[in-house]
């Protein structure tokens, strides 16, 4: 079922819901899902609607024009998207296959509602798996002393492919600041720890050293500061003294791929709103 | 913060949200929380609002009169309650103390928003604990051959105490059908299994016999059919071959009290809607 | 690291551990993992050791001969296997790809310690995915009225491939009793419910109808009675009124594949012992 | 059933289990539970046995003498305790009642196998609750500028009461280093975050600020460095943007009390072994 997804953030006040729902009712909009949230601390209001596209007399552009006065009145930050305009997700990976294989399978079986124009990797290991899915594979090695050229190439591909979102499926390289900025809130990373614990390198080693009883993974938007961007989704799994670091790596993989796929799904469905370095997820 | 809780169920259609939110906006109602759900299978629509009481020009009665035309127009089943009119919850227990102690502590520390006019038990074991909390304790023995008299007494007490809800905190006796009917969707039970598995007696023994790897507990509204009423909340805990039935009983207690207290909390805050023997929980 | 896995079940008594560990110590056996369990209800004792193969002066046959007197003395049911003699797991699937893809990826990335001589399916849908992994794919249609022929063919393939274990990765057909018996405790199924709830067909529909708050999956050995065999592993995921049956199916897939892969892993590593239709899992 | 609990840590090697189990078998010791662990990283071996006391010809002292040669031979760090010599646990609390009430109820209902000679608090709020349980309550105010006197008084009470273990049930004060040292691995704290995230003050505020999707609690042995001691047990609960800091505090309470009671139970049953600032928990 084709829907329009209307996502709104604005200073809280009386009458916002009434105005928006009146607008939708006036045009006979059939709301299939609605979520609201008033953040009492910041005084902001957040809202997400899914509306059957065939119930409205507009296309997206028409909606935007008709709704603009309301948006202005309440100083809204807002967007409306069409569920049938599939986002273009460029996946980036390194050598580890678990997250990439998981995303590709979900996409292939119709569970992930996006196009995957290509996969970019700094290694060649996963080419055959990607190409079996009919997806182009770009091998862009990232060599010490030649990182600038590598990321210039990455940027070129990402733009050429009209990426809407970049997914770092255990890419293991730090993207340059310009790219993060250009794709603000559109670069999704999976970090293999329960942040803010164990940011940076070798989180499972850190976890083993500290003797934690649960390990986790964190899906977050990438910002300039490493592993410090807004968290979209997290989960954990129990470990014990019986689990070596290798066991943790293995157990963690399952958490990583679950968390990344959930986070990406929320993003693709416009369920994630970012406010003051935190997310609201309307799921 | 004092709120009014407006809970609505009606056949789905265009314009319901607009009508309700317009109504609220017209009277300057400050919505602190809003939840909607369209059930595509049944074609019903469900809605819950919390509105700051001091933002509205009504008391409950005034609200009811003003809102009645909208309710009629959309054939709504609805209710509105005042967060400051605390529900009166009569607790019933047998000999096991864990659920009762948990509820009493939550109430005593201000976490459970209700009054507890009394506790009724078929045993005298828990009297001192209850009375320490300043709550009257009624000992109503349920003896074979004299069950009718016992439950007549229970009914008398429940009515005399103006109970809004009856909580079976491991009461271990089956309430008579008339009482269940009189308090339809207002008798809350905790069953010590993950229903529909292991209904009836000795669920941990059943679980042990079947060799399940997780055991659970279920909070549900009581209906005439044993352990078959609408489920409000459930949870589970992992067990293994190392856990004897006694271990399961012990581990299960923690799940039981968590699940019961969550379920009761949802009920007290008018977060639970019942539809075709299932619940929606707006939490 | 190559290990021998010694698994023992016998009536409990004094001196068993001493006898076994003396035996191992006499031959300088380096124990890397040891698990014991006394079942107080049945009076049985269970034990599993992993011993570095290079620390022992035996091959498997030599071990068996040397250990036989002890096994006789304590009326042991026992087995010893070599971690380097990889089990041959024949996978069977229908049209749903999630469990099969998950197992294949784990195998391909070295996480599942077995050989996969072939995949058998009653449909042709998953052939290309399987063959990309370099694994033969047998399409054995199961048509009404011709089931006997189909399963004769399945049996033939399974024997020809010297299968040690058969994994029903959402195969959706009931295996004939003879095959189950021949492969007793060696046919592993994933059922898409938290058994014993919702055995049989369309468990997610049953779960939705009953309004449970968690759905699950169960990995079990197949016995003649449908969905009633010894449970190896289970897990659950939370659902709510917002989740349609389609959502449950999607959420359930993740639980199914996690539970099946964990169950299979336990089986391959000789961690599962069956006793009176229940399992002990030494993990 | 009265048991002896034999806990051993020593450098790993061949023949340890054989020697120990031979020793037990020689004296007809009936092992009811046995756990072993070889830590491949450190090269240490850990072992815990429960043995029916009535199956052995010793009392504790006799056991110690008979076992000493084996302990010397393998350079064991070891202890043996009697399940009927209940540990004396001094509980310390501040104003928050949830952890204390939970422990007291578990103790009162026979679930916690210890004596509670007294409760010490820097406030008087919880006196009545404690005294209802028949337990003495010491009010030792901790005033700025007079901390030394306060903790001298605490130390005096703890010694006078022959405490075996001190449980900080949300005590909210930092114990002096001498006391921590005197009771090394015998002071158990519950910290209201998933350590190492959010050590120190106001962890729920920190968690809210960072926007994590799960909050947790950590039970650990107290060492000189704040919130950095060996972790005994941890758990988490899911939160979302809908949860205010107050909601997190409420949800966190349930995790805190579960985690603390599990950790304390493991300690009381001699299930916890500390090695290089981490724990092994044989549960």
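Letters are used for the chains, namely A, B, C and D, taken in the order the chains are written, and counting of residues starts over at 1 for each.
Keep in mind that, in the parts below, a residue touches a chain if its C-beta (ideal position, glycine included) is under 8 Å from a C-beta of that chain, and two chains touch if they have at least 3 such contacts.
Computed from a predicted model, the values in this text were never measured in an experiment.
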Reference subunit A; chain at largest CA-centroid distance: D
Superposition rotation for subunit C onto subunit D, Cα-based, multiple of 5°: 180
Of A-B and B-D, whichever chain pair has more C-beta contact pairs: A-B
Length of the line joining the C-alpha centres of subunit B and subunit D, rounded to whole Å: 36
Interchain centroid distance [CA atoms averaged], subunit B/subunit C, Å: 41
For subunit B, residues contacting two or more additional chains: 40
Subunit D to subunit C touching residues, read off their complex: 14-15, 17-19, 21-22, 24-26, 28-36, 38, 40, 55
Residues of subunit A that touch subunit C when the two form their complex: 97-98, 101-102, 105, 108-109, 111, 128-129, 132, 250, 254, 258
Contacting residues of subunit C [partner subunit B, same complex]: 37, 39-41, 194-198, 210-214, 216, 230-231, 233-236, 240-242, 244, 277-281
